[in-house]
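Got some structures for you, see below.
Across the two complexes that follow, chain A remains constant while its partner is chain B and subsequently chain C.
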Partner chain A sequence: MHAWLEGIGVIGPGLKGWRASQSVLAGTQPYFHEPVSVAASDWLPPAERRRTGTSVRLALAVGREACEHSGRVPRSLATVFTSSGGDGDNQHAICETLASDVRDLSPTRFHNSVHNAPAGYWGVATGAMESSTTLCAYDASFAAGLIEAMAWVAVERQPVLLVAYDTPYPEPLRSVRPIVAIFGVAFVLAPARTDRSIATLDVDVRPTVSKADLPEGLAALCEGVPAARSLPLLCALARALAAEVSIDYLDGMSVSAVIEPLRPTD
Partner chain B sequence: MTTTAQSADESRLAALIVEALNLELAPQEVDPGAPLYRDGLGLDSIDILEIALVISKTYGVQLKADDADNARIFGSLRSLCDHVQQHRTK
Partner chain C sequence: MQPLALIASSLVTCLGAGRAENVAALRARRTGLAPCAFETVTLDTCVGEVRGVDQVRVADRLRHFDGRNIRLAQLGLETDGLWRAVVAARERHGADRIGVFLATSTSGILETELAYRGRDAAGRLPPGFHYRETHNTYSLADYVRRGFELAGPAVVVSAACASSAKVFGNAARAIAVGLCDAALVGGVDSLCLTTLYGFHSLGVLARRPCRPFDAGRDGISISEGAGFVLLEKARHGASGARVHLLGVGESSDAHHMSTPHPDGAGARMAMQRALASAQIAPDRIDYVNLHGTASRSNDSSEDAAMMAVFGAATPCSSTKGLTGHALGAAGVIEAIITAIALEDGFLPAGANTLARDPALRADYLVEPRAGTPRIAMSNSFGFGGANCSLLLGLAP
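What follows is the complex of A and B.
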């Protein structure tokens, strides 16, 4: 499957946006794992803004960065959202309530508990009425989202925004499903070359042969957060050189992504 | 801008509401006579359910969705506070 990449967004520990992170991702500056916080989007009306948790804030922030990078109007884009587990803090709070003597559940917690909550908030924030898909595939969630977005571009011949995000669970869920940090990534993909195109992207599913060679510190992040399985692709894009990278998928399979830069990505 | 002074009970309830809803204002800014719903404090139906939950947990007062008196009870911070103080069990 083939697409043209037009915009990138990324937020994670030590990675505060695509432009600010390119030299680190390219390996020309050292990586430092620094906690990152994400503010609620000022695209949302006050009632929705104050209900957002980290996962919604993260998804909206990287989606917005990718859209602004591409120059596309956000509401004009179909969307694919993907996350392994959604909002870990919210799930913890709900489990805590259900395990207590008073089991009445916060309606706001319930409102935020559905897996496609960020897609809903994105629609409120941008006014987008285009098709939207939300999925999960455990550690393969990023690769599954990338395949879905590439398929959308190939079949519908329309641009799409892909947003992948994950947040850690508090204990005790953290012990059984360790996600080491928040991480979000977004791409705007299009079916044809435009003056916004920054690289071509070809994606295929293959047996895993080798792991990507990532800059020091980023390999642990890649392994520790499902959405950060995108780091081999992000690092290759930051280097702005033609490359083929392997992204973890399901059951010993990988997504092979071949990129060909068309111009500098900043 | 507060146009009417809050009583001590109203201040406690306002603080509870502001915290429960993560409102972007200080408890003392809630006008006790102004509507809570829509115009006024700008709350919506999810917020009203959230307030009912936190009042139940804090004061032991059950506020039911089908109570015909809800429009009056939730009419303002003052009317809600009066109702809670009259019916509280803790």
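What follows is the complex of A and C.
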């Protein structure tokens, strides 16, 4: 599957946006794991803004960065959202309430509990009526999202915004599903070359697994957050050299991504 | 899009396990909804609980997956010869050439709800709790893929109540780009406290079995269910499949998290896109299985969209008065019901609707009507403004 990459967004510990992170991802500056917080999107009306938790804020923030990087109007893009588990804070709050004597859920908690909450808020924020899907494949969620986004571009011949995001669970869920940090990544992919194109991307599924060679510190992040399985691709894009990278997919499988840069990704 | 053949299917609803029981109830318009006696729930509403879920056993090698949602999935896999059909497809194409595209909204969150009740004094979850295999949204596809020992692509779509309609689109794209030769699509959602108390908090649970398109409709009836469909590229006469998937249309409302667009703009777009993807004019559609949840806002919004796309000339109904609203499984269940209506040649009427809402203008089937549909649509809409319409037709 072939597409043209037009925009990138990333937020994670020590990674505050694509522009600010490129030299770290390229390995020319050292990586420091610094906690990062994400503000609610001012694209949302104030009432909606207050209702959003970390996972929605993260997804919207990286999606916005990728759109702005691409120059595309967000409402013109189909979207693929993918997360290994959605909003753990919200799931925890709901399960606590339901385990108590008074099972009064708040309506906002409930409508935020759907896995596609970020897609819903993205629609409200941008007015995008194009198709949107929300996926989960546990640790393989980023690769599954990349495959779906590439297939969308190939079949529908329309640009798509891919957003992958994960946030840590609070205890006690954290002990059964440790996610070490928040991490979000987004790509705008298009079916044809435009003056916005940064690189070509070719993606295929492979029945093999290989380990990426990541800058110090980033390897642990890659292992510790499913959405950060995108780091081999992000690092290769930051180096702005032709490369083939391998991204973890389902058991015993990987996704191969071949990139060919067209211009410096400034 | 290139049509896909429905090689095999199975459905489990509160009407029964398998096609025969579901068709009998649909024909007799016998609802599967009954006053809620699920778990410790104390809400004054009706639900569609599937009988016999507690007796289902999962394979020993996959025992960590055991929970209500996976048992319901297992029941679906064992129904209507689906298991045999998937095994045959694996022989035909190879384990790595079959994709798994399944849907759920709440997955096995019930197991986490129960585990939270069982926390110890330090707040720790009980030792037998398996988050990955029960609660996680992907657990459904993980279980099914392992159960059949498949090695192709797999994913779970979780876009609320449109999820298991949308998986037909994911499968069609995957087949079109050559990621797989056949696809097992479907959806499973099971009763849990999150959805029951959640919809209660929104004030949209009906007290009595839900009444789609009724003037006095007062909300939805939650149910559970499972549906699976095996899809392959349609080839003339090769598969013996009688129904083909002809089109898929997806859109987003971009309006509100839990309320549909009042004019049905997103729903209209999904229906028009399904027609466009099949290159079929609206006047060739013989029946539409509506999303028809019986909430005030859904039915009026969907009616507006129906009128914009079809006018008042196309028969339509919601089967949720019979099956209830199985949320993430509703799309595939209703796609299968629509396929059965094509195969058996009847127009399914709704149930529980006593006085049709005069403000709604679509040709809603309150009573059965003779007819042998050849092409039909199934609508699914969900929270977050997710919309999907499927177009199914008798094989030429």
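Keep this in mind: the second predicted complex is superposed on the first by the 265 of 266 C-alpha atoms of A that agree within 3 Å, B and C clash if a C-alpha of one lies under 4 Å from a C-alpha of the other, contacts with A are read in each partner's own complex, and residues count from 1 in each chain.
In the analysis below, contacts are C-beta pairs under 8 Å (C-beta built on N, C-alpha and C of every residue); 3 or more make two chains touch, one makes a residue touch a chain.
What you see is a predicted model; the values in this text were computed from it and never measured.
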Partner chain(s) touched by A:V102 [first = chain B, second = chain C, both, neither]: first
Partner chain in contact with A:A192 - chain B first, chain C second, else both or neither: neither
Of chain B and chain C, the chain that contacts the larger number of chain A residues: C
Contacts of A:L241 with chain B and chain C, given as first, second, both or neither: neither
Chain B versus chain C as contact partner of A:H111, first or second or both or neither: both
Touching partner for A:I94 - first (chain B), second (chain C), both, neither: second
Partner chain in contact with A:A20 - chain B first, chain C second, else both or neither: neither
Partner chain(s) touched by A:R50 [first = chain B, second = chain C, both, neither]: first
Footprint overlap on chain A, comparing chain B with chain C: 51, 104, 106-107, 111
Sites on chain B touched by chain A in the complex: 21-24, 42-44, 46-47, 49-50, 53, 56-57
List of chain A residues in touch with chain B within their complex: 46-47, 49-51, 102, 104, 106-108, 111
Residue ranges of chain A in contact with chain C within the complex: 1, 48, 51, 75, 79, 84-86, 91, 94-99, 103-107, 109-117, 119-121, 123-124, 126-138, 140-141, 144, 147-148, 150-152, 154-156, 171-173, 175-177, 205, 207, 250, 252-253
Chain C residues within the chain A interface of the complex: 96, 105-106, 109, 112-113, 115-117, 119, 123-125, 129-132, 136-139, 141-142, 145, 151, 153-160, 166, 169-170, 172-174, 176-177, 179, 193-194, 197-202, 250-258, 265-266, 269, 382-386
